[in-house]
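As written, the chain order gives the labels A, B, C and D, with residue 1 at the start of each chain.
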Amino acid sequence: MADIFELPIKVLFQHCDPAGIVFYPRYFEMVNQTVEEWHELGLDYSFARMHSEDRRGVPTVSIGAEFSAPSRLGDVLTWRLELIRLGRTSAHLRVTALAGDELRMVATPVLVCLDMDSGRPVPWADGVRAAMSKYLAAQ
Amino acid sequence: MADIFELPIKVLFQHCDPAGIVFYPRYFEMVNQTVEEWHELGLDYSFARMHSEDRRGVPTVSIGAEFSAPSRLGDVLTWRLELIRLGRTSAHLRVTALAGDELRMVATPVLVCLDMDSGRPVPWADGVRAAMSKYLAAQ
Amino acid sequence: MADIFELPIKVLFQHCDPAGIVFYPRYFEMVNQTVEEWHELGLDYSFARMHSEDRRGVPTVSIGAEFSAPSRLGDVLTWRLELIRLGRTSAHLRVTALAGDELRMVATPVLVCLDMDSGRPVPWADGVRAAMSKYLAAQ
Amino acid sequence: MADIFELPIKVLFQHCDPAGIVFYPRYFEMVNQTVEEWHELGLDYSFARMHSEDRRGVPTVSIGAEFSAPSRLGDVLTWRLELIRLGRTSAHLRVTALAGDELRMVATPVLVCLDMDSGRPVPWADGVRAAMSKYLAAQ
């Protein structure tokens, strides 16, 4: 059975727009935070270490998102991350936000492992690949 | 021939991440700005009027995006907006960012016309629909 | 002895600028988050309830800040909030960010209790004032 | 007579909070944008050149701000920048936002010229100092 990474994020004043709901670019900050905390807490490979020591990055090269229902100030969202496909230099994720049982949004970011000095994709390091594999969802 | 709405946006320090390139949630703020200025300058229907006087909103219900090449501090991006499909209560857009001739990103937001008091989709007002139609791309 | 409210916030990728340190407007989002969580967790008066049910807000009317040392990706900051002066319609705060023992920034926001319908300052509700008083620092 | 740098910035949806007014951390993004455009347009020394070629930065080491009146969606703010004091390695600014004749906010950032490799303050380059001096307000 695949692992699923979960992260709670509270909807704060700074996330909300004049309509009183989460402004959607702020949702993408939460998606990014989920990916970042997955690296640190789920893969034991913090962004700080990745960027500073290994000079690697994981830019998002594409993303799709559906916003099913609005989120409001004070809602606590459960963000869930699953790995859909793991390529040699890429990772296809599904990141979902729930408030209780209600789906609020689903995003499908594709990350690429990048060498920051050359600006080119490189294969995932073996340890990172092994750690990621535990989150690979059954097809 | 369909109209295309264009808006220049300079990449500022606040848009860039530790890798020195635009942080992708900031791109979505630029997409939103393009949609907002299209309403004000292209459709003669400002967000201020829409929200305050007419109690309407145009939330994004889904979006896809591909990031073709990174943008850096000081780049001036030309944002182009075309209307792909105009439904009774929805609008499918294609929003593209170019630096000179180089494609940086393309996004495909779907907006819905919402009555802010009921929280329900409502048909576009006739004047808004007529103004939008000029931007409808040939299929 | 006055209570001090504390909140840990991790420095994320989204907070950092091309120099690799926290972009200072993001620090103010953290100050605002500290004030917001103080209301919810320290005063038992959430922003959601304040804004939606009571139609009150607590806009910041002035603020000073000193940035003593930079914060980097992955730093966990301890935000501390003390109440310096409690007026009839205002509250003078001191909000400090520490990384371990090292001071990173101190901010001194002044909040005003606002009636959102009239747009005018109003006295703190008795319960809110009583809850706030526990955080009043000795002079 | 000292020069005053001016920059118009429109208040967008992304700047506004659930109370329908500019969220104050967003004001600081506008302050930063004013400082950044002053460098590029007023001093002919773009942030891109400063950071990439010269490995210099101008972090804000302290700032004070007063928010005199709220700004709303669609307001066009005129940001004015004056230089109050020019030190060997620092610059004290006054940055003001007006909507027509109405003052909306005033901020007093202090910048330091930093060598990004050593992390230490360094004197302003002669050309930058000369360009800045034109904006030095009479005492």
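Points to keep in mind about this one:
What we mean here is this: contacts are C-beta pairs under 8 Å (C-beta built on N, C-alpha and C of every residue); 3 or more make two chains touch, one makes a residue touch a chain.
Protein names from UniProt, one per chain: A, B, C, D = Acyl-CoA thioesterase.
Nothing here was measured: the structure is a model prediction, and the numbers come from that model.
Centroid distances built from C-alpha atoms place C farthest away from subunit B. At the interface between subunit A and subunit B, over half of the residue numbers appear on both sides, which makes the contact a same-residue one. Across the two candidate interfaces, B-C and A-C, the one carrying more C-beta contacts is A-C.
Annotation: 28 Å between the Cα-based centres of subunit A and subunit C. Between subunit A and subunit B the centroid-to-centroid distance comes to 24 Å (mean Cα coordinates, whole Å). Distance between chain centres (mean CA atoms), subunit B to subunit C: 34 Å. Of all residues in subunit D, those that touch two or more other chains are 13-14, 18, 23, 25, 29, 32, 51, 73. Taken in their complex, subunit D has these residues touching subunit A: 13-14, 16-18, 20, 23, 25, 73.
Those residues of subunit A lying in contact with subunit C across their complex are 12-14, 29, 32-33, 36, 40, 46-48, 51-52, 72-74.
Taken together, the subunit B residues at the contact with subunit A in this complex read 18-19, 21, 23-26, 28-29, 32, 51, 57, 59-67, 70, 116.
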